[in-house]
Amino acid sequence: MRKVAIVGAGMTKFVRRALETPIELAYEAAKMALDSCGLTLKDIECVVLGSAVDAFDGVCMKGEYLSGGAGAWGKPFMRHSVGGGTGVFSCIHGWMHVASGMFDLCLVVAEEKMSCCQPHPQGAFLTVYDSILERPLGLNLLWVVAQEMNHYMITNGLKSEDVALVSVKNKRNALDHPAAMLGADITVEDVVNSEIISWPVHRLDISATSDGAAAIVLASERLAERITDKPVWIAGVGYNLDTWYWTSRDLSYPVYVEKAARMAYEMAGIREPQKEIHIVEPYDPFSFKELQNLEALLLADRGKAAQLTADGVTARDGNMPVCPSGGLLGVGNPISAAALMKVCEIFWQLRGEAGKRQVPGNPKVGLAQAWGDMMQTGTVVILKV
Amino acid sequence: MATKRVAIVGVGYYGFRPVSPEVSFREMIYEAATRAYEDAGLEPKDIDGFVTAGEDWNEGHSIVDELAPDQLGAVKRPVFTVNGDAMHAFVSAYMHILTGQMDICLIESRSKASNIKNLHEITMMALDPIYTRPLDTSPYFIAGLEMNRYLYESGVTREQCARVVIKNRRNALLNPYAGHGARLALDDVLNSDVISYPLTSLEISPHSDGCVVMILAEEKKAEVIRKDPIWIRGVGWCTESYSLERRNWSQSVFTQKAAEMAYKMANIRFPRKEVHVAEVNDEFAYKELQHLEALGLCRKGEAGHLIDEGATEISGDLPVNPSGGCLGVGNLLEATGAQKLLEIVLQLRGEAGRRQVKNAEVGLAHNWRGLPTNSGAVVILSNF
Amino acid sequence: MKMDVNLGGTPIREEDIKEKKVLYTEWIPKARYAWDAGVAIGRFLEELKNGRIIGTECQRCRRIMVPPRLFCELCYTPVNRWTYLGDRGRVRTFCMSRVRWDASRVEEPFFPSVIELDGGKKGTALFHVIRGVDLEHMKVGLRVKAVWKAPEERIGAITDIEYFIPE
């Protein structure tokens, strides 16, 4: 298989409400990614855009609308969406372009401007549900995800305090992230005393809707080493989608994340993930998701992720740092940009460029994962230097 | 370029008619996919990856990827959705096979345009919210502006555009899957209501519902699956200026670039001679002519002559839209490109019945994403 | 490349908009759809109007599916048996909500739940809302029953069941 590397990355600040238009946000991230590896748009041969939901930015055919900001005019351009899994999938879609042998240089951009949706972006989530059988019930996104959280916690015998540790860790990690919007020094008590939005979800268990964009530049093996002296190789990719009929599924365990992970591990030749993966950026829009995803990624034994967190294994200086960036809980949640931010984080960490967030010990292998649709899809990327 | 050959080994479809109240979109897709599996002699477990094409606002559902897997037998499998034309899903599947991670992929896209009660207002949501949407007018104005400039620069006449409607809707009468076959006269078209001068209502494709599913396979597997795989010779896709202020108002530049990319891959130097049949986007009648020029299938300004001479009739030397095109089959939203691919596959297999183009060995499918975009793709197929 | 560059993304506040310190355009999307229910859901809705819940059965997989579909998505074969289910069942999972879809607050909390219906097999479950119970008494396994609208008020929609209550 042809080797593909990430050679540059960029992102905007994640903010509650941005002054920039969606097109400008995409541009800022794309420009920073290009500048970071000394390339210009002329060098780029194709562009891939990932954006989760059109409704937030208030446009239809969002890919076309953003195409200028993503540098796509005059080039082969495509946009995809796998809901929350989009940001990591955008790296995979870009990988397809280069690994196919058709292109050598691909720009991948992810953007989301959720604040456009008034009076509150949450309202747009109504439309992700079944038009005939679910929407008439007037559901909020939390009505469904909170059920998954409850099921996970009950199945694994966890209390709110066990899960709250993730919010505490990630928000603290985010204090060192220049683009973060939710960095904070909080305690477990703060989390469990915060307002109950949809029991068992507390306000501080959730990452807020945000605006932002991120971008990476992918290069074929032939060019990667000419562009940068430390290309970060895409060693494995995997993605998997479960049935729409979520009421027929076991919500305590995202088996589709495990399948996506196995697909990526197979491609990367990884047999013992817990030993071979040094840092992890799993998707954490809710505190319990980090734990549940770690287990499905086979990086923690079933039901044991909470204990690993309590033991400090997943802290930045622990044996397996998880969300050293601060994750969605700490940095912010412009859906697709947030997941691509995780890929960028692994990129910077493996190159030793993560500044104050740098994980010690020269990590060589990192994994970024996202989750999306109706609690249905897992997307996984494994990076190596 | 590509070192591995990939072929289309199965096609299935449902439709294409103006309404489809008898089935939900799931039931429609299930039938189309079942037919595609049957056509290829495969089962869902033989497929390595699935790609669908769809736009949220056209389905009335956010994150249409959620709805993808069940009808395809793709539960707990690799699936993703491209928010673009079916041809974008097609080239994504093609690239994924070229990487070597997958050998057999399935693509799906559909239209339930009949379920959208105010399509114009939804298309307006695709206009720039700051510069264009506040003008609060139907997006057809963009087509009218472009047609006007195109006629002015190319010398193509309104009558020649009207002939495209007549040709395509008559072709559709020969096509059992086309939903809008009709015998029209020149005056019918020219005198129909002016929607956005000089574009008249009969020059605008009506919509249809339907679904198309295709299965692609890499060379070795393709040759085992069927004795007449349809080979992908070249692909190209491009997006030009989305902004109205910066676009080229007479030429389809994205088509030129996509075609160049595809011809280069396919090693085609003289398209007019080497392409035997073409399915070209004709969502608005003038578009067929504009796209023919951009595809290099005739010189600039010559497309009008082609239609006058009958060169693009099924019996002509460059049959264009033997299926009836968008005008005759119906505009299928994101599935439009898939219908064009479907027709070329049927033509190259010799399964096109009364509309069969004789001795067709190399076919070209082209699509434009529709208003207000400047995006589309070109795929070149052959049966050898 | 270190992140010591000036990052894009300029935060603004709600007040900046209210006080018109930044320019903006507004648009209210008009999007109207009439989704074809098709055969399976069409029948499901019709039966709801009659005060009954119906599903389809896949004999190969030995599963009963609600909402019904004409094909089993797991073994990919068409189904041909319709089965009535009870309008009672047990809670598989639940949460408690105080917000509506638009983030507006609701005074009396209610419980969005996945309810395994009587007469079904593993996985035969409906999503609906449970009322008339408080968090202390709510649990997985609680038995609940549907509260239907009066027959003349039913239109063939999921809301023909108003909510579920403890049995």
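Here the chain labels run A, B and C in written order, and each chain numbers its own residues starting at 1.
We take it that a residue touches a chain if its C-beta (ideal position, glycine included) is under 8 Å from a C-beta of that chain, and two chains touch if they have at least 3 such contacts.
What you see is a predicted model; the values in this text were computed from it and never measured.
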Chain with minimal offset from the mean of all protein Cα atoms:
A
By the contact definition above, name the pair with the higher C-beta contact count: A-B or B-C.
A-B
Mean-CA-position distance for chain C and chain A (Å)
26
Centroid from C-alpha atoms only, then distance chain A to chain B, rounded to Å. What do you get?
34
Whole-Å gap between the CA centroids of chain B and chain C
36
If you look at chain A, which of its residues touch at least two other chains?
58, 125, 131, 243, 245
Where in chain C do residues touch at least two different other chains?
27, 29, 33, 35, 37, 41, 73-74
Can you tell me which residues of chain B touch two or more of the remaining chains?
57, 60, 69-70, 75, 122, 125, 129-130
Note which residues of chain A are touching chain C in the complex, please.
8-9, 11-20, 24-25, 27-29, 31-32, 35-37, 58, 119-120, 122-123, 125-126, 131-134, 136-140, 142-144, 146-151, 154, 178-179, 181, 196-201, 211-213, 243, 245-249, 251, 348, 353, 355
In their complex, what parts of chain B are in touch with chain C?
20-28, 30, 43-44, 57, 60, 69-71, 73, 75, 112, 114-118, 121-122, 125, 129-130, 133-134
In their shared complex, chain A is touched by residues of chain C numbered 1-5, 7-14, 17, 22, 27, 29, 33, 35, 37, 41, 44-45, 63, 65-67, 73-74, 92-103, 109, 112-114, 123-129, 135, 140, 157-159
Using the touch rule from the top, collect the residues of chain B that touch chain A in their complex.
1-3, 55-58, 60-70, 74-84, 88, 91-92, 94-96, 98-101, 122-123, 125-126, 128-130, 236-243, 253, 257-258, 261, 369, 372-375
For the complex, which residues does chain A have touching chain B?
1-2, 21, 52-55, 58-65, 67-68, 72-83, 89, 93, 95-97, 99-102, 124-125, 127-128, 131, 237-245, 255-256, 259-260, 263, 267, 372-374, 376-377
